[in-house]
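Two complexes follow with subunit A in common, the first pairing it with subunit B and the second with subunit C.
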Partner chain A sequence: MLELLSVTAGYDRRAPVLSDVTLTVEPGAAVGLLGPSGCGKSTLARVAALLHEPYAGRVVIDGEPARGWRHRAPRAQRTAFGVVFQQPRLSADPRLSLADLIAEPLRAGRLEHTARVRELADAVGLGGDLLGRRPHEVSDGQLQRACLARALTLRPRWLICDEMTAMLDASTTAALVGVVEEYRRETGAGLLAVGHDRVLLERWCGRTVEWGERGPADDA
Partner chain B sequence: MADQNLDWRTRGARRRSTRTWRVRSSAAIVALVVLAVLLVPPLTNLDQQAVDLTAKLQPPSWAHPFGTDDVGRDLLLRCVYGLRVSLLVGVVAAVVATVIGTAVGALSGALGGWADRAVMRVVDTFSSVPHLLLGIFVVAMFRPGVWPVVVSVGLTHWLSTARIVRAEVLSLRSRPYVDAAISGGASRRRVTVRHLLPGVLPQAALAAVLMVPHAIWHESALSFLGLGLPAHQASLGTLVQSARGSLLAGDWWPTLFPGLFIIVPTLAVAGLGGAWRERLDPRRRSELTL
Partner chain C sequence: MTPVLSVERLSVRFRMRDGVSVRAVSDASFDLAAGECLALVGESGCGKSVLASALLGLLPENAETAGSAHLGDTDLLAADERTLARRIRGRRVGLVPQSPAAHLTPVRTVRSQLAETISQLTRAGRRGPQLATAVAAAADRAAFPLDHLDRYPHELSGGLAQRAATALALVGDAPLLLADEPTTGLDRDLVERTVDELRRHIGDDRALLLITHDLAAAERIADRVAVMYASRIVELADADAFFGSPGPRHPYARGLLNALPDREFAPIPGMPPELTTLPDGCAFAARCARADDTCAWVPGLLDGVACHHPETAGAEVTRA
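Up next, the complex of A and B:
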């Protein structure tokens, strides 16, 4: 169970982007969060992934309250989340090859990575010489495949996809959603997918939550 | 200038910016200076300290293209040796300043919060004291020599690099790829070393290049004030200083040529650095000034 309880967060304490927002994702469930641009759904996704410290409220991960944010979060809590962002260009370090990009979370923990990188590259459909290329030498779709692979590297229990497919064409979108669903079938991971594409999220997720006047109208 | 700003992404504009006469002549001068400094002393078997009292204060001629000084030493040779010392001091001091500035700026930007604010207040405090005054204070604590001057210039010139590097780190720190690294379990140190520092290195290297002329000027100023290098390690500043007496007597060449040796190479280095800066980020060309 991933619980976001009365979260107030933003970039200016006097004018928070979200105030008193509550959202829960059941174990193994897929929840889609729908909302217009600028409403704060990405901020909520960052709070959920422990990447943005809220002004108030709590995040509870499988019964265990979050004990910090960003670097102050314990490593095990941070790596429980796999995060995919909207813009692959900005979420990939321009100096790393795609293989290094995918291996980075394993390298950070000083773990063996060769076999896992190969396996993930196959899963997301990155073949041939693509793994040796740098971000500027591949397309947005190929780069987003690598970013998704990186999010799956440490086998997270929760996936946070923040507008993962907003920049991509229909076939890449379908492929990436397929990879996420395959991973969830294998591991039983939960998913919080943020987006503004109603058709996609309603087909992809078991439950969609609409962003209302004061935040997500969660009736679960 | 305005239309260059607009089309800097296109190949043509990029090519233009590295092939102007300014860049070419700067490159030629820098190459010439480096060759002269490296090759003249080992290849020519001339003693720059050779005193010839029968030929003192001679105006430029074929035998002495730059003339001679008040004890008959050849000024061309003295200038080349002086440039050697000045360049050495300038380059080492610039490297020292850039290393300190990059370390402080990266630390400040990567830590953020109160640590960042505290460090930047220290930087502001140092910036509010004139460089030269602080430099004189440092030099005055040691015996005259090359190292006190290097330390003095290095310790007073890391501030602008620290500011540039900190600003760059702050902007890189908010990129999603840093978020992704944190989520992938990377420690603070790993994020800094693997993602932030490599991102600021081009800016830091550019700051170092632009620092070289500045450091040479400071060394010359300190030597001119008599606080820099001892007489046997004559730098360009020392040459200008010792020429003061003869200038008042109407002998212009002992001042002019060392002066040109300070100005022309430093302008050439600055010209090359400027072209590099334009390539790196043309929108920000006004931030890094000499």
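Up next, the complex of A and C:
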């Protein structure tokens, strides 16, 4: 279970973008969080993935309270999450080849390395010489495939997808959602998908939660 | 009736440093009539934005073009930069840009940008009450709130920035409006409002070329749809027939529509070829379930579809 309990967070203590927000994702479930841009849902997603420290409230991951944020989060908690953002170009180091990008979360251990990268590249449909290219040499869709593979590298128990497909065409969107769902079938991982496309999230997720005036109206 | 825009066998190719060439647009042909909206759809990198740049004369130096694109009696591909800058852009082709925030000048208010464009493009004069009235009228036309005229672009929401950019594009009363991914990054409600407004602006005497990867936006306002894949227009159809029944006839177009979450939500297997190494035959062959030996030849656009084995769906419709 992923629990966000009475979370208040933002970038200015006096004017938090979200206050006292509670949202839970059951083990293995897929929850879609729907809301207009600027409502604070992306900030909540970053809090959930331990990337942004809230001013108040708690995050509980499979029964264990979060013990830190960003690099201060214990590795075991940090790696419980795979995160994919809207803009692959902002989250990919332009100097890395796609293969290195996918391997980024891995530590040493070369052999296992290559095998895992190949396995992931296959899963997201990145074949041939694409793996040797750098971000500026591939399309947005191809780069987002690599970013999704990178999010799966450490076999996370939770996936956080923040507007993962907002820039992509229909076929690439369906392909990436297919990869996420295949991974969840294999591993039983849970998902929090944040977005503004109702049709997409309702098709993708078992349950969707609407971001209302005061945050997600979660009645689960 | 003579079309507003007539594009004939338009091709664009980029020469890269190492002797490689990128075929971004191959043999595109279509007409666009007054009062009509044509949506040019396709995924990023298919060539649709290059086509738009070609129509505006905004291609980079290393581009080579072939074919023609007539707007009235001007061939946009043959016109020199001076003509394009002084007589075409803004006056005869209005551009609604992809990211309005980036298109508006950040250090000037919406009022001052509208005023400048109005005094450049119309006879409203350079100052005084006449200009002020014209600014208000221009803002009003794009439903831009008058009490926001003195704001700077960064003080506007995404939707208002889009309206400000639309107001600017409408000033010159250009017969052709070209909207290049005008809804990228907008919420669904705002997407619908933006495209509805564009549709309203074309009225009876303008034409709108809407370039988008958003099929729902295209379905909402287009009269006709052109689907582009790997530099070619592979299908050109009436929007009702395309989105409704009998549906797309080109296997790629059919796959793209079926990938929508309110349809089958199934991706087309594989990825498009690189524009640097397009195959000799049909560029979709590697991903196409209907491909056979004939597909080693590039199919021409015949009767609205560029495919040797188009879907014959619709049989059930004609039978009924």
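Methods note: the second predicted complex is superposed on the first by the 215 of 220 C-alpha atoms of A that agree within 3 Å, B and C clash if a C-alpha of one lies under 4 Å from a C-alpha of the other, contacts with A are read in each partner's own complex, and residues count from 1 in each chain.
Definition applied: contacts are C-beta pairs under 8 Å (C-beta built on N, C-alpha and C of every residue); 3 or more make two chains touch, one makes a residue touch a chain.
Treat the numbers as computed from the prediction; the structure is a model and nothing was measured.
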- [ ] Report clash or fit for the pair subunit B and subunit C bound to subunit A in the combined superposed model.
- [x] fit
Open item on the list: Taking the superposition on A as described, I'd like to know which of subunit B and subunit C A:Cys147 touches: first, second, both or neither.
Closed with: first
TODO: Mind working out whether A:Arg207 is in touch with subunit B, subunit C, both or neither, as first, second, both or neither?
DONE: neither
- [ ] Give one of first, second, both or neither to describe whether A:Pro36 is in contact with subunit B, with subunit C, with both, or with none.
- [x] second
- [ ] Please work out whether A:Ala170 is in contact with subunit B alone, subunit C alone, both, or neither, and reply first, second, both or neither.
- [x] second
Open item on the list: Going by the contact rule set out at the top, does A:Arg184 touch subunit B (first), subunit C (second), both, or neither?
Closed with: neither
Task: Inter-chain angle, subunit B to subunit C through the CA centre of subunit A, in degrees rounded to a multiple of 10 - done: 80
Open item on the list: Which partner chains sit in contact with A:Arg134 here, subunit B, subunit C, both or neither? Use first/second/both/neither.
Closed with: neither
Task: Superposed arrangement (fit on chain A Cα atoms) - minimum subunit B/subunit C Cα distance in Å - done: 7
Open item on the list: Output the subunit A positions appearing in both contact lists, the one against subunit B and the one against subunit C.
Closed with: none
Open item on the list: List the residues on subunit A that touch subunit B in their complex, please.
Closed with: 46, 49-51, 70-71, 75, 78-79, 81-83, 85, 87, 90-93, 95, 104-105, 108-109, 147, 150-151, 153-154
Task: subunit C contact footprint on subunit A (complex, rising order) - done: 36-38, 125, 139-142, 166-175, 177-178, 196-200, 202-204
Task: Residues on subunit C engaged by subunit A in the complex (per definition of touch) - done: 42-45, 157-158, 184-189, 213, 215-216, 255-257, 259-262, 265-268, 270-271
Open item on the list: For the complex, give me every residue of subunit B touching subunit A.
Closed with: 175-177, 179-188, 190-191, 194-195, 198-199
